[in-house]
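Next come two complexes built around chain A: one with chain B, the other with chain C.
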Partner chain A sequence: MATVKEGLYYSESHEYVKVEGNYGFIGITDYAQHALGNVVYVDMPDVDDEVTAGEEFGAVESVKAASDLYSPVSGTVVEVNEALEDTPELINKDAFENWIIKVELSDKSELDALMDAKAYEAFCENA
Partner chain B sequence: MNNRLYGNLIFELSQEGRSGYSLPKNQFGSYSVPAQLRRKEDAALPECDEMTVVRHYTNLSANNFGVDNGFYPLGSCTMKYNPKINEEVAALPQFAGLHPLQPAETVQGAEEVCQQLCKSLCELTGLYAFTLKPFAGAHGELTGLMVIKKYHESRGDEARKKVIVPDSAHGTNPASAAVCGLEIIEVKSDARGLVDLVDLERLVELEGDSIAAMMMTNPNTLGLFEKQIPEIEKLVHAAGGLMYYDGANLNPMLGAARPGDMGFDVMHINLHKTFSTPHGGGGPGAGPVGVRKGLEPFFPEVSPYHGNFAVAMRALAYIRSLGRENIKLVGPLATLNANYIKESLKDVYELPIDGLCKHEFVFDGLKDKSTGVTTMDVAKRLLDYGYHAPTIYFPLLFHESLMIEPTENESKETIDGFIGVMRKIAEEAKVNPDEVKSAPHLTPIGRVDDVLAAKHPVVTYRQLLAEV
Partner chain C sequence: MKKTCLYEKHVALGALISPFGGFEMPIQYAGITPEHMAVREKVGVFDVSHMGEVTVKGKDAERYVQHIFTNDIAGAPVGKIYYGMMCYENGGTVDDLLVYKMGENDFFLVINAANIDKDWAWMQENAKGFDIDLQNRSGFYGQIAVQGPDAEKTVEEVLGLPCKELVFYTVKTIGDVIVSRTGYTGEDGFEVYASHEYIQQCWDKLIAAGVQPCGLGCRDTLRFEVGLPLYGDELSADITPIMAGLGIFVKLDKPEFIGKEALAKQKAEGPAKKIVGIELADKAIPRHGYPVLNMAGETIGEVTTGYHTLSTDKSVCMALIDAQYAKLDTDVQIQIRKKVFPGKTVKKQFYNKSYKK
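Up next is the complex of A and B:
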């Protein structure tokens, strides 16, 4: 049912990071959007805010529940996906295409602690 | 269930200049209100005659559903029947007519009610003293945490700012801790749905001197009895923290075990759950807080007088009408009813954690997931059959949580009727899934657009007018 995309890094709390150069695009996985159901609100940080690996940076609210977002990596927010302010349901349409924040990574070695697509797929199956 | 829609707003019935009252002549002579305090325009109140008002609210009330209408298995809420004798007692004019500022010698009866209730709650919980001041469960949590904070401060141990909360806890636990100025650390659940002792040991090792308390709900929000209380209590106490018992799920413990005997230091009780007083929205709540000996000097003044006194009266009426022997049956019967439903349905609904439960349990949706029928659909379909829906999508540990709590009050016939309908819905999901997915069909209002409601709530008449 839920898809997993190759080439991304995944956290146990179901966020992904898509790395391009020194930047990381962070969003929630397809598995997470399936589990949450219809997303009605995304609470995002401001540009220039610092995020820390493993710590909260916002929240996603669906008709079922409000869930905190945990950043898989540390860095500075350089962009937020403003389209989600009015159309949060984009996350349900394509969670991997509709990232939530773009972060300038402060420590790329943190990526080593995350799962690859294969490991994440296995993680979801056992969840 | 009433299936006729009555959907008017009182504002829509308003006719300019219509009134249903006449004020007496001004008996006070002239008086003047300072100019800056005077209204600039008339209040936008509806103008209706008395009969219109009476019919309006009577018809609205017919769209309501309560435990007096039918079965209400709302997990985690203990929607037990509120015996009518409670209301009779609370309405006695000798109590209902009291003013809180009356001279003390004229309210000795009311004082006695408060003392008797505190004494009964001490006996039922194994604690030493209770305060009736908190107005609700979450207010009780805050009060209890204030006691804990003051206790640590009184010993000069001010670094204790962290509260351990299980990941299965009610959302109010971390919220109350945060309001009290404390930090939250979360302990994981293990595969059995209980507090993960290994994770707790790690946290206690890591945080040691900064631990103020651990908050626990027992049985927990999955309806499971936390079997490792002695180990948990030793760990937390050895680290210098106190044990807080969230009384939200106290009902199945009546007659089985007492928090005080389990090593808890502080607890709150939701009188509107375990002691049959009306639930929030239906009446003011009450969240008495109990402590072990030595902590009672730290009770804070969280409300004037005795909290919601009339709620305390109802709780005492309940305890007294059951009596010492019968009240011991509450927990075992609530537990029996829940287990009977669970065992009768677990072949068609997914039971993620097998074994005995206490007063409630959680299914993770239908067993057969291929139909695409979700927990939301099952809940909506139950309305068509005249049942209140169970709690859904809580706890968050499962994707399709459906949480059922029958309470001790229901007859076997009522419970069998519910089981039959739940099985029927599971069958419908296979043979006619669209019927279930588009439910409810027989209620005054069909399937509501909950996404639109969450994204664009219209909650006032003025807002509605602006939209049209």
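Up next is the complex of A and C:
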């Protein structure tokens, strides 16, 4: 069964944001990694790229298909999780621990539009 | 949406089900990777009951098959199987298929699920003037494929069907059951065609014996790795067998068949586009429809099938590109979402077949 982690913000396209100060760590949820199956490649943006809330910033790929990633928030990419370049399957091992990009948030009020753990759990149950 | 005779069993096994070729088909059970590896290393079983079967019998049966089929079955021994295509007059591909010679003027044709209606109409339309009995038996036959290095042992011991003596691309009948040494994985293996009830019993025995059930997901990765074409990707009404590099299955020295003139002309002049293999330097995965570019950034074609291969850990694809770039070791690029990745043309076989010939 897919798990949902308390204290994170969630999007309807199954990304999460873990906020630390002015930074957000963005990844895909455990529900999403279950639905995808074995992740074999993660297409990540470059450091200094801008991401915009609701817009595509990369993709995660299973053997069979590519699935676009949508940023839940806007900001500047300050770090990408380089471990995923060689070991993308880390996302299957622990999706919440293995974030994809770290973003300097440009508008923290965007977080208000996202779901909390409880709301996301209900969202997945109704999906 | 149609269902095969094994549909309920797939649901019971917890398979991920998706539409394919007009059928609700199992895509995966344990996952594409473990199923793929089971076939490469041991044995797996596929439900391929969605495939269509057409029988051609009667006085003109051989002459008719020769008319609609690109390969040459003249003088074939009973029990031999041929791969080839049906083509339109312009050389475009109606379908690729297997022709089983069951007896003198008695043939069993195996066609793609997605093409059953189209093929059946085409076959009937081109049967005028031939004294034959043409039957679409797709609704009658169930079919399983047992594939992998342990396939022979499995078919003999679990299904009790003697098959040892069959060589690659031959068929025998055991009562009403048709068994052939064929498949679509690049491994040794067998395909069994029989009534729904019999196929259900076979499936249950195989699962009970611990044989890995395999879905269409790994069927595609397996066939792709060994460079086998899939109709709709590497063959279509717009992609001739010559463009697909399947000229050895087009016997231009045959007196006559539909599409012969167009295919002979294309072979002589060289096709404008060809199916090639491309290997990327990066891990990014080329998918069906992604643009292929030359080094100047101009579009020269598109990807037909691509994967990060499971057996060799490389990002590779087959693509239909302008023939001038088709030479081996040519530098090309593939656009994957916003980025462009360098690669080079390679042989379109990414893993070696291990057939038992």
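Basically, the second predicted complex is superposed on the first by the 126 of 127 C-alpha atoms of A that agree within 3 Å, B and C clash if a C-alpha of one lies under 4 Å from a C-alpha of the other, contacts with A are read in each partner's own complex, and residues count from 1 in each chain.
One rule holds for everything that comes next: a contact is a pair of C-beta atoms (placed from the backbone, for glycine too) under 8 Å apart; a residue touches a chain by one contact, two chains touch by 3 or more.
None of these values were measured; they are calculated from a predicted model.
In the three-chain model built by superposing on chain A, chain B clashes with chain C. Touch criterion not met for A:Glu121: it reaches neither chain B nor chain C. In the superposed model, A:Glu85 makes contact with chain C only, not with chain B.
Once the two structures are superposed, chain B and chain C can be ranked by residues of chain A touched, with C on top.
In the superposition on chain A, contact of A:Tyr41 is made with both chain B and chain C.
Once chain A of one complex is fitted onto chain A of the other, the partner contacts of A:Ala59 are limited to chain C, with no touch recorded for chain B. Once the two complexes are laid over each other on the shared chain, residue contacts for A:Asp49 go to neither chain B nor chain C.
Superposing the two complexes on chain A places one of the chain C stretches 56-64, 74-82, 218-226 or 254-262 into chain B: stretch 254-262. The interface of chain A with chain B overlaps its interface with chain C at residues 38, 40-41, 61, 63-65. On the side of chain B, the complex with chain A involves touching residues 393-394, 396, 399, 450-451, 454-455.
Looking at the complex, you find that chain A touches chain C at residues 37-38, 40-41, 43, 56, 58-59, 61-66, 85.
Residues 35, 38, 40-41, 61, 63-65, 67, 88-89 of chain A are the ones touching chain B in the complex.
Against chain A, the residues of chain C that register as touching in their complex are 27-28, 31-33, 217, 220-221, 283-285, 287, 307-308, 310, 315, 336-337, 339.
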